[in-house]
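Letters are used for the chains, namely A, B and C, taken in the order the chains are written, and counting of residues starts over at 1 for each.
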Amino acid sequence: MNKVAFKGRKFLQALAAAFLAGALLLTGCGGGASSQSAEEARKQNNEIVIGIPQDLDDTLDPHYTTLAGTREVMFNVFEGLVKPDSQGNLIPAVAADVQISDDGLVYTFPLRENVKFHNGETVTAEDVIWSIRRNIEDENGTNLIPALQNIQSLDSEGSTVVITLADPNPEFLSYLTLAVLPADYADQATQPVGTGPYKFVSRAAQDNVVLERFEDYWGEGGHVDKVTYKIIGKADGLVQGLQSGALDLVSHMTTTQTSQLDESQFHIEEGTMNLVQALYLNNAEKPFDDVRVRQALCYAIDRQEILDLAFDGYGYPVGSSMFPAFGKYFDESLTDYYTYDPDEAKRLLAEAGYKDGFDMTITVPSNYQPHMDTASAIADQLSRVGIHAELITMEMNQWIEDVNQNRKFQSTVIGFDAKTLTGSAMLSRWVSDSPKNVINYNNSEYDELFAKASSTYDDAEQTQIYRQMERNLTENAANVYIQDLADLVVMRNGLTGLQFYPLYVLDVSTLQWEK
Amino acid sequence: MKSVGKRAAIFGITMLIVSFVTFAAFTLISGDPAMRLLGTEATPERLQSLREQMGLNQPFAVRYLRWLAGFVTGDLGTSYSYNQPVWQLISPKVEVTLCMVVMSFGLIVLISIPLGLFSAQRAQGAEGALHTSLIQLAMAVPPFFTGILCSWVFGITLRFFMPGNFPGLHQNFAGSLHYLFFGAICVAIPRIAMTVRMLRSTIVGEMQKSYVRTAIARGNDRRQVLSRHVLKNSLVPTVTFLAQTMAEIVGGSIVVEQVFSIPGLGRFLVTSISNRDYPVVEALVVILAFWVVLSGTLGDLINQRIDPRLRLGGES
Amino acid sequence: MKGLFARFFRNKDTSSDGGDARGYLIVGLILFGLFLLMAVVGLFYTPHSHTAMNAAAKFQPPSLTHPFGTDNFGRDIFSRVMKGSSTTLIIAVATVAIGAAAGTLIGALTGYFGGIVDDILMRVGDALTAFPSLLMALVIIGIVGPGKYNVVLALGIVFIPSFARIMRTAYASLRYVNYITSARLMGATNGRILFRHMLPNTMHVLLPAVTIGFNNAVLAEASMSFLGIGVTPPDASLGYMLSEAQSMLVRAPWYALCTGMVIVLLVFGVGLIGEGLQRSGREVG
């Protein structure tokens, strides 16, 4: 036995030495050279890796997706009859052309010839009609897009789709960006199939999502052959990933993050995120059911200071539920409706019976650093008028459940974006009986205005009403509006072709490596 | 051999209890999974049909047994978030974490045993105090703090590995091990310190026993006594401790995976807890419990081979 | 109690494995004392407000006004560390208090009375202690949800079995000791025997266990806050701050280093106290 023990010990020592030597060798060899070449190899293979902070842990079926992060990625996989371009126009996609009758009631879409789904099948008029029908009434009898209830008839003549409306609606076309899917394909939620320039390949939970260039795309299609989205939950992980060479592109970065990068390897492009970041207040919840309290909050917040503190001055202050990229709808005069005035805030609070302030909670999704930072800055500013705000941080999915579904929150910092390029995409949300009205905004004048806008066919007149609605939100201090975030996109040198959209999407089809 | 059978039986019973408690607890708190899946689209008819489809109208015991069978048949239900089979989601994560834990355990054994023996021989005086202090210091550094420093120093500055670029076990096995190695080190450091400390005090304690004193007084060589008697007698507590370690490092790896962006079970567990994705959480809990109970059982079995007295059912 | 500590200090020797029990205790108590001072003062006073932001003073390296520098919002890190220390201290103490109190009660009853309940409880306890504490805490958090109080609850529950096991052994060993038998013959009530006569004599076991528990609590809380399921802002524990610091490691390395060092020195100090207690306890007990 003693011999065994001794042998054992020698063996262990030898093993340890071998292991350590191996480890050193492994780390040594695997070092410098290979990481440099990994970026090079991606360039050679025409691939890119994009870092995203949030997994697509949602259904991938585009008709049901709720997470903006999921839509941002899947924008490349799906198309509708029409699709938005980077200028904010709608251009024909699956349709070859759009013809609208003079009375604005009949829409005729001759389909593009030989548009293929990613599974190889050709798109037919039946697929288009099935996809639209599904959004009017799905398998469970739910109406997914209320505006589509306006459709009176839906017909096909060969490869032409004809839609007839009950009432004219100038925004109707934008709803037809809804994804065209193969009729009765069952695995859309996990193995989605669309017609976009990139096809979905795989998703590994909390790890990555892979897209590949779709060879049979009807148009020019993408430049890069393979796009991998890496899910990296920690803010510094994205910085590390870029710096180490693991990632080529990360969007929505904060200046704290970008300032940590080695500038010689990257270039940063600045656009807007096209969303309205605000401290959204649950108007049905005490004390925010009192307009004076909400206004006090608006006076207590110094937007410019928030931008300076958390975003190094980047970002565009807004004063209502509309962002600047929406040009004609955006009312700039509302931005300075409330100016920073803590004394006025205190006066209003006292008037509402909260002379000594109150305690409140701010719910924030922890994966989104800009919202976290804004919330922290808000909490500090509120403390100056005696309001004690506690942050409740949670994962996005739980945020969806608590805020979006159950409306179990007092206030939240988040950005609401527009799903389509319409004024109503931003404004219909706050109509009192809208299922998306998470803040429980209840204002009869607002509801009437929206009803009027919906039945107005004249574009200029409708725009005017939308602007009145924005003013209504501001005057009643529905929320404490902060900003449209600057979108800082970091790209590895050599990668070009980024286009900003007036929507929350990242179009990878225009990206390419410089030759 | 009988003792092995007995230990296996205990193992089985423990796992049954653990899985039952887990299932019961999560069934209790998660409410109605059908409701959860349907969300706002729930209508009484839809609920009813989905419940039937999911087998929720069956008695609790039947559902439990069916779920338990899922560990063998690979059907553990569907994730709420991903709409994908739980088994399909977690099996790649289990492999990754298993690799890192095994690697970490290897490091602990290989480094701490020689160090422990070395340290035990110099337990006296100033040098002993220095060792003790170093051990305490190493135990005081949280693994994720080491991880943060490690990823910047070795990853970004020295470029020994590429943080954020875990290649995947099936794509590039050697590359993956290389990546995991850094995580494994961070998990191992505090446990190495603990193991050295335990080894040292066990050996020193053993050395003070009268039989050792007698042997040395009789003129036997110190080193010989050490290897012939002391080490042998120290083996049982060491194995017990290492078995405990094998279970404990899973905890450390959960945090370290987050630091290194390793797509393992820990990261998935944390996000699933936050997302209240209960089918995933309960499956992961049982898998982790399996690992923990397995570690203990293996430790006991090895000890029974080393020390025949334990086979008679004595306490270790 | 005072006498008890004195006894630990008096005991100088320790031939066994290195070093003087008193040395460890002194160094450990100094480190812990510094931390305690910072944490307790932090409850009432910080040099700057720990939440006040200042756009003009972002990312300042350590200086006389800001000994630990400032963070991305221009907040004074030293003040934040003081506040964070208070939070960490409160969580750790509360956790250990729950674990030690419940564990001692269970250990005392099972150790003293024995019997079938003892057997069952100890089997369950054995099974529970086999689980990594962080993992158990995660599972409990999975059930009760995240947040500061839930962290305390989860960790407290997790620590009960290990305290119970240690205390049971200590109580069982005292069961047939002469003075206990005498006390029983003199008609002392069970409660009196358990807590008046026996408890003080288990201190040599309980105190080191408390130090280990305290360290585990600090590290576990740090890990949980790091994972984002612990404390939430504006509360800041040291673990939470460390995870915050990680996101600006290049811009403000002093943030991670200062915060990390406070954790390391705290755990190191308490570890040394435990080491000292164990060594002198071995001789005393």
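We adopt the following convention: a contact is a pair of C-beta atoms (placed from the backbone, for glycine too) under 8 Å apart; a residue touches a chain by one contact, two chains touch by 3 or more.
Computed from a prediction, not measured in an experiment: that's the story for all the values here.
Undergrad: Check B-C against A-C and say which one is joined by more contacting C-beta pairs.
TA: Most C-beta pairs in contact, of the two: B-C.
Undergrad: What's the farthest chain from chain A if centres are computed as the mean of the Cα atoms?
TA: It is C whose centre lies farthest from that of chain A.
Undergrad: How far is the middle of chain A from the middle of chain B, if each middle is the mean of its Cα atoms, in Å?
TA: Roughly 38 Å separates the two chain centres.
Undergrad: From the C-alpha centre of chain B to that of chain C, how far is it in Å?
TA: Once rounded, the distance between the two centres reads 23 Å.
Undergrad: Need the CA-centroid distance for the pair chain A / chain C, whole Å please.
TA: A distance of 43 Å separates the two centres.
Undergrad: What are the residue numbers in chain B that touch two or more other chains?
TA: 152, 258-259, 274
Undergrad: At least two partner chains per residue is the criterion; list those residues in chain A.
TA: Within chain A, the residues that touch at least two other chains are 234, 394.
Undergrad: Find every residue in chain C that makes contact with two or more other chains and list them.
TA: Expected reply: 146, 228, 246, 249-250.
Undergrad: Where on chain A does chain C make contact in their complex?
TA: Residues in contact with chain C: 234-236, 239, 256-257, 259-260, 305, 308-310, 366, 369, 373, 375-377, 379-380, 383, 389-394.
Undergrad: Help me check something: in the complex, which residues belonging to chain C touch chain A?
TA: Answer in residue numbers: 51-53, 55, 58, 72-74, 146, 228, 232-235, 243, 246-251.
Undergrad: Where on chain C does chain B make contact in their complex?
TA: Touch list, chain C to chain B: 15-20, 23-24, 127, 130-135, 138-139, 141-143, 146, 215, 219, 222-223, 226-229, 239, 242, 246, 249-250, 256, 260, 263-268, 271-272, 275.
Undergrad: In their complex, what parts of chain A are in touch with chain B?
TA: Against chain B, the touching part of chain A is residues 1-2, 5-6, 9, 12-13, 15-16, 19-20, 23, 26-28, 30-32, 35-36, 38, 49, 51, 55, 57-59, 140-142, 189-190, 203-208, 230, 232-234, 237-238, 240-241, 243-247, 394-395, 397-398, 401, 405, 435.
Undergrad: Looking at the complex, which residues from chain B come into contact with chain C?
TA: 14, 17-18, 25-26, 29, 120, 123-129, 131-133, 136-137, 139-145, 148, 152, 200-201, 204-205, 208, 244, 247-252, 254-255, 258-259, 269-270, 273-274, 281, 285, 288-289, 292-293, 295-296
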